[in-house]
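Some structures are shown below for you to check.
Heads up, the next two complexes both have subunit A, just with different partners, subunit B and then subunit C.
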Partner chain A sequence: MVHPTEYVPKSYHPRVSTYWWLGRWAYAKFILREISSIFVAWIVVTTLLQVRALKAGPAEYAQFQAWLATPWVLVLNAISLFFVVFHAVTWFNLAPKAIVVRMGGKRLPAAAIAASNYAAWVVVSATVLWILLRGTR
Partner chain B sequence: MTNRIELSVKRYHPENDQQPWFESYEVPLRKEWVILDALNYIKDHLDGSLTFRWSCRMGVCGSCGMNVNGVPKLACATFLTECAPGPVRVEPLKNFPILRDLVVDISDFLMKLADAKPWIIRKVEKPLEEEYFQTPEQVEAYKQFSMCINCMLCYAACPVYGLDPLFSGPAAIALAQRYNMDSRDQGAGTRMDILSQHEGIWGCTFVGECTKVCPKHVDPAGAIQQYKVTSSIEWLKSLVLPRGAE
Partner chain C sequence: MKKRSNEPFLWILFSAGGMVAALLLPIHLLLFGFAFALGWLNGPGYDRLIEILRHPLTRVYLLVLCSLPLFHWAHRFRYTLYDGLQIKHLNELINTFCYGGAVVGTAIAVYLLWSIP
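After this line comes the complex of A and B, so read on.
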């Protein structure tokens, strides 16, 4: 901070409140998007634990499934699903800001970039679903 | 009288005040009046000591940026009727030190702007009689970023700048990108050295509010994210081709 002198006038330096993000919905939404990464990490850890249980054998996997069915894990996973979808949707909607594609000298509209991200999401999800369902037959 | 509106204006006189305070004024509510007209009415008729910056009255000079009802706006481009029935809260631009009333200290921004080197850098200059031609596509590549009027609304909207004053900030980075994208410029590498630091592009957490408040649709958030992509590609290139990344 510069101290006032004959040539530097005195000024008031406002402090940013710890709760700055509660002032506007846009800021709160940003913080929610940041927090969503915790739930994304939780889903990743759960999936890794699931793979480990699968490898350990049927008894271990049945125990893991029973743990998944406990009320607090169900609630946590429901909240996580909301945040993971929120994370994905906000991310895809922001993608056109970073990706600039020019075709015929013109920049592709933001909607086209976002749509291609959503299309890739659907394709990857459908492929995973197909692999999983194929395994159940 | 019904056709009046109340303005609650933040005041700060460094010679007397320890911290800012609000003063209310009642001004005529005219449909063709913007916030700047109301402030000039206050200065001319109610309180000559009210201090604020303004110049062009038409959204070109970027002098009259202030927070109106908590949102950074140009006072000359915000109609009183948009804010009716009031009271309208008028404050100096957030995240800057307040010098007096609605006037903020912009020296930090000016230093950051100079650091971004927002001018054409050439390794070899052409002789004066030769021209630098550009196709419409080459102009289109940077035109959006060249619309910046240095009004600093984006800095007032950016919580990262508020929390970390070392952050280069949206407009400086957008203007660096404006010259990086210019086919006549050869200074991208020089700017990259400064802006690829943590306090440069990587300080941005993509809140995106800078783009929303920009009165000229410059999209500084887009400029920063595109800069991040370029910086990452350059970093990868320097790993794969350590000698030939230029």
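After this line comes the complex of A and C, so read on.
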């Protein structure tokens, strides 16, 4: 004989809609952050393609540059730029929650940690720009 | 004995990759994808770029720029598939695809960067 309790589920799992994150901006932001990772991967892939083209020679590199200027790559890169900046801003704003800095026994305020992240962003970006533009006019 | 979780290690890679991606990828994409590609700025020519690329520090820098953000992607994308699409039953396959992809990407980066003459 079959005992009826065999069919009682061990725990209650309500079915959540696939679009649960559309209901609230905070949830949508969470999913947008998750999606940003796809564009992070895309930028890495284009960087690797760039290194490959550079290795292959000037003609291949010119071809790579022409490819970067094609409409669909420009559109994809514009979306990627939006997502990677979105990632950076949300990342730096969240940093104070993950990084606890104590100075003289006191916890450094969140704004100071976020500000130092933004400062690092500016310095690093300016350094990359300087290295790449050095010697060009 | 319970198997020790490798989640903390993967989380460190995720967070290091998130930091690298946040600091470096926007300026790289802005310059190479737009400013130089569309002629807003007169970017470095082929000879100059290959000279920069040959420098050992550039190779290490580009390896970090490629590898860590890929692990960041692997971790986040895994959860995008869990939370966004709720395909938890494919765990094993998703993990292999994500972290495997990051490992393969890192290997390709090492090969490309260290085979430059």
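Heads up, the rule we're going with is that the second predicted complex is superposed on the first by the 121 of 137 C-alpha atoms of A that agree within 3 Å, B and C clash if a C-alpha of one lies under 4 Å from a C-alpha of the other, contacts with A are read in each partner's own complex, and residues count from 1 in each chain.
What we mean here is this: contacts are C-beta pairs under 8 Å (C-beta built on N, C-alpha and C of every residue); 3 or more make two chains touch, one makes a residue touch a chain.
Remember, predicted model here, so these are calculated numbers, not experimental data.
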Kindly classify A:65 by the partners it touches after superposition: subunit B alone (first), subunit C alone (second), both, or neither? second
Report for A:38: first if it touches subunit B alone, second if subunit C alone, otherwise both or neither. second
Check the residue A:14 against both partner chains and state whether it touches subunit B (first), subunit C (second), both, or neither. first
Quick one: is A:98 in contact with subunit B, with subunit C, with both, or with neither? Answer first, second, both or neither. both
On the A-aligned overlay, A:23 touches which partner chain: subunit B = first, subunit C = second, or both, or neither? first
Quick one: is A:108 in contact with subunit B, with subunit C, with both, or with neither? Answer first, second, both or neither. neither
Counting residues of subunit A touched by each of subunit B and subunit C, the higher count belongs to C
Contacts of subunit A common to subunit B and subunit C in the A-superposed view 16, 21, 34, 98
Using the touch definition from the top, list the residues of subunit B that touch subunit A in their complex. 12, 14-15, 17, 19-20, 70-71, 94-95, 97-100, 105, 136-137, 140, 159, 162-163, 205-209, 211-212, 219, 221-222, 225-226, 228-229
Note which residues of subunit A are touching subunit C in the complex, please. 16, 18, 21, 31, 33-38, 40-41, 43-48, 50-52, 54-55, 58, 61-62, 65, 68-69, 73-74, 77, 80-81, 84-85, 87-88, 91-92, 98, 120-121, 124-125, 128-129, 131-133, 135-137
Under the definition above, what is the set of subunit A residues touching subunit B in their complex? 4, 9-14, 16, 20-21, 23-24, 26-27, 30, 34, 94, 97-100, 102, 105-107
Subunit A-facing residues of subunit C, complex: 15, 18-19, 21-34, 36-38, 41-46, 48-50, 52-53, 62, 65-66, 69-70, 72-73, 75-77, 79-80, 83-86, 101, 105, 108-109, 112-113, 115-116
